[in-house]
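Shown next, in structure tokens, is the structure this report addresses.
Letters A, B, C and D name the chains as they come in the text, with residue numbers starting at 1 for each one.
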Amino acid sequence: MTNEGVRYFKNIREAILTTAKGMKITLKYWVKEPAITIEYPDRLGKGRTAEDLVSERYRGFLKLDPSKCIGCLQCMRACPIDCILIKVEKIGEERYLTRFDVDQSKCMYCGLCVEVCPTGAITFSKRFEGACYDIGELCIKHLQEPVSVARPKAKKKEE
Amino acid sequence: MAHFLTEEMILNMGPHHPSTHGVLRFILQTDGEMMRRAVPDIGFLHRGIEKIAELVPYQSFMPFTDRIDYLASACCNLGYAVTVERLAGIEIPEKADYLRIIAAELTRIGSHLIGLGALLLDLGAVTPFVHALRERETFNDLMEALCGARLTHNYVRIGGVSHDEPPSFREKTRKFIDHIENEFIDEFNELASFNTIFINRMVNVGVISPEQAIEHCLVGPNLRGSGVKYDVRKNDPYSIYDRLDFDVPVGHGKFGTLGDCYDRYWVRVEEVRESCRIIRQALDQMPESGAIRTKLTRAFKPPKGEIYVRTECPRGEMGFYLISDGGASPYRLKIRTGSFTSMAIISEVSQGVMVADLVAIIGSFDIVAPEVDR
Amino acid sequence: MKREDLIKLLLSKMGRSIVRIEEMPNNDIIMEIYTDDLVPIMVSMKKDEDLRFTTLMNQLGVDYGESFAVIYNLYSFDLDNKLTVKVYMDKDNPEVDSVEHIFRGVNWFERETYDLLGIRFKGHGNLERLLLPPDWEGHPLRKDYVYPEVYNGLELKRKTLLEE
Amino acid sequence: MHSLAGIIYDFLVARFGRSDLLDPLFGLAGYLIPCFVVLGVVSTISGLLTYFERKVSADIQNRIGPNRVGPYGIFQFVVDGIKLFLKEDIIPDAADKFLFRLAPYIVFSSTILAAIVIPFGGPFIIADLNIGLIFIIVVSSLVVVGFLMSGWASNNKWALLGGIRSAAQIISYEIPAAFSLLTVVLIAGTFSMQEIVMKQGPWPWNWFLFHNPFTFIAFFIFVISGLAEINRLPFDFPEAESELVSGYNTEYSGMRFGVFFLAEFANIFVSASIAAAVFLGGGNIGLDPYKSGIVYQLLMVLVFFAKVLTLCLVTIWVRWSLPRLRIDQMMSMCWKYFIPISFSCLGLTAVWLLIFNGNGIFWRISG
């Protein structure tokens, strides 16, 4: 009986003590600790944009520098889900890039295409806001008109 | 005595229930609040990752391993990379090894933070969950600086890692693990783990004896919660875990019976501390500079063969059984995940508990639905 | 225990059932046995004092083209040994004995293998589809599986934006 | 006659003159006007409490909380109310339509009914019933009817479980709550709320809270059982969003859900005001509530609301600190701990009063 009785009061004491401890911590946060929320997107602070929030290596939308692209199609092959479509056509002597489309609605931002690019033509931008009304807008056509491919020869000699 | 006619109730819990992490479904057979049986119904997140593996090249499969268990993507990456490397006999640079371990253990911390927090959220305590997420935010920032993604890291590559450490990564990581180890866990314990209400909810609920746990192929923290001292990182070390000194926390019936929900919870809390220790050692030992990646041939093809490699993910052993026919993509890749077997044991553990206990049991197993379904 | 010793031990204990036994990468041993001997071998694996493979870590089915195989990964907590057991079966009638009554945790593994590869397990209590819906046709992990285009009136292939 | 209705009656008579025709109207107005005022005040306060709940939880969790509508987002609750009004009100096909529609109003009105006998400080009490405390205990159990009704009428198993849970919970916790209120009745010797307030004084040592150790315990038991009766977090079983989806109000949407929501926060206010009036001296500042000037009367109201607000904030604070119990633990807590303790508090207070001649612990300084 005494054991039971002792446990009865011990339970009450434990309950009060642990509850008080927990409430002390929440009180500390209530009174003292400041909020860490970032008020995205409209109150980021002066002159800050959404793209400043992310780090240097952030993997956002893909970006193409057509002047560097040598049309080697490695990124297209590396892509696990085939969201890049490149067409290279020969017009006369020159090779032209006629299409460079990236389907950002399918892209899973794995970075394999950026990794294999020998010239650094395809890179990640910091843009991450992809909300739009029509999913077709996410299929980004990087080239408006055919662009002649960069010559890889200079690079090859360096190597 | 009058005989009351009672009727059993069939309750459908999920797939859109607040406490079925992800998209799980249980068919509950209850007698009022008391539960007779809970039959799990899985497959809502089945994406056929094993089939995808047979279609894409070895390197290109890496992003898909992120999606096996999205809360611990670096650990899954590591497991797959180790499997392929062991089969193909690829040596990887020392620094890459350390970076991998740091990423994997940071992920383990991040994953456990969510696991612990979500369990508390299921039991009605919202504040500890938000506090855990606050800490996870730091982890997300660290990983973002390291590899550029916050959730699906895709950091590890076959033959190394994708990026070298960014500037001031070591200091930031040290600060983070110091904060977790010295301040956050203690506060979290005081706020939640040692609360009488929480203890009463968790002890003597969902008890799994060591024999039962082995019989049902439980792995990871759920097995260790039952008192079986088994950790792949210790028993079958991969990467550089054999160079690092850490303990394997096991459940010992801290407040109640051995193998109850509280033990599984407590093992996770302790594992966060151990991960902090591992990261600290890895940061100390990591070379200042060096190669981070072994170049593979463009069309990488491992030799013909079969291999089964086990790695330790936050939810337990993640095994990759890889069959290669010498082609560019795996012939067959079986991914054995921890949540799969934990999910299978639920119908046995949940006999005769209350509906509220089922929520605690699911939470204590730390089940992530995509890992069950793959 | 060293791998060579374990192979010798296994050969001496159950040599008659073993088709092939050899080393496997990652410090593992692969042992191919006759399909009919699966249950007695699994029982002795678990019960034998020298082997004590108390837990079944993984189970999978494979479509090898000309035949099916089921692979079991065993592990012994006490002796820290790993073993991979493999049984082959006929392609036309893939059927093997269930080991559910020996290792209870294999229940869902067998259901998954049945679901994805169509290998039937004799003596399994509840052999139903696990991951796929009950009215799904075919077994996706078979090499000759043709991906369906429509399921219950639902179009399964999403049109890519790239195809215009 | 010392009552708010009397004062209003006197004022109206003085303004419009006495006539046999208008006399019953004046008498009715004396009750109806305060009723509408209190309805408005309680609704506004419960709206404000939703704002406080969100703001306090945000502060505790390192977040910001509502901050867009009005200064510091204080008008958030108005916008929320408008949103709920505009939402589609869905009644499930299989529901019992009549009961489904009726339930929220029963819950809300039973909450508001208790406000009739709450002394808001000074003369501001709608009806100073001589059985005020009993009235509160009786009326607050009516909530159960509404909860059960909504749970049953929704024709949803989760909702039904929530309704049954609430019945079990509220009925059990009535007992310790009533017992702890009775300890005060023993000391005050009356059930009238206004008189209970008047028997206390402006200073803490005049309050019944510090009258003797047993009322001190009784206060905490009342506050905790109050939490259980109003379904706040350590005891929010009827809702239990992670177990029962949303409990009894799973199927409700639009303004019907809004009424439930409002009732929940009105409940917090009512429970806090009972505790403040009975244990913490209510709006007593040491002056006669009926004969002092209007400034002092308003000061009394201010004092009362300060105490109530503090208690409300504590209620919110508890919610964001603790996990939820399990239903059987909640029951055993009630029957094994609260009822015996509150009962012994009642008995020991009686003994105390006998031994110390009706004096409290601070009887020397409190005079």
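Just so it is clear, contacts are C-beta pairs under 8 Å (C-beta built on N, C-alpha and C of every residue); 3 or more make two chains touch, one makes a residue touch a chain.
All values derive from a computational prediction rather than experimental measurement.
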item: More contacts between chains, A-D or B-C; value: B-C
item: Central subunit by CA centre of mass proxy; value: B
item: Approximate Å spacing (C-alpha centroids) for the pair subunit A, subunit C; value: 39
item: Centre distance in Å when subunit B and subunit C are each reduced to the mean of their C-alpha atoms; value: 24
item: Interchain centroid distance [CA atoms averaged], subunit A/subunit D, Å; value: 50
item: Rounded Å distance between subunit C and subunit D, as computed from the means of their C-alpha atoms; value: 63
item: Two or more partner chains touched - positions in subunit A; value: 11, 19, 22, 25-26, 29, 36
item: Shared interface positions of subunit B, touching two or more other chains; value: 127, 134, 191-192, 195, 197
item: Complex interface listing, subunit D residues touching subunit A; value: 56, 58-64, 317-318, 320-322, 337
item: Of all residues in subunit C, those that touch subunit B in their complex; value: 24-28, 30, 54-58, 60, 62-63, 71, 73, 77, 80, 82, 84, 103-108, 112, 116, 129-133, 140-141
item: Subunit B residues within the subunit A interface of the complex; value: 56, 59-64, 66, 127, 134, 137, 141, 144-149, 152, 154, 162-163, 166, 187, 190-192, 194-197
item: Complex contact set, residues of subunit B against subunit C; value: 42-43, 46, 48, 50-51, 86-87, 214-219, 228, 230, 235-236, 305-310, 317, 319, 321, 323, 331-332, 334, 336, 340-341, 343-345, 373-374
item: List of subunit A residues in touch with subunit B within their complex; value: 11, 14-15, 18-19, 21-22, 25-26, 29, 36, 54-59, 78-80, 108-112, 115, 124
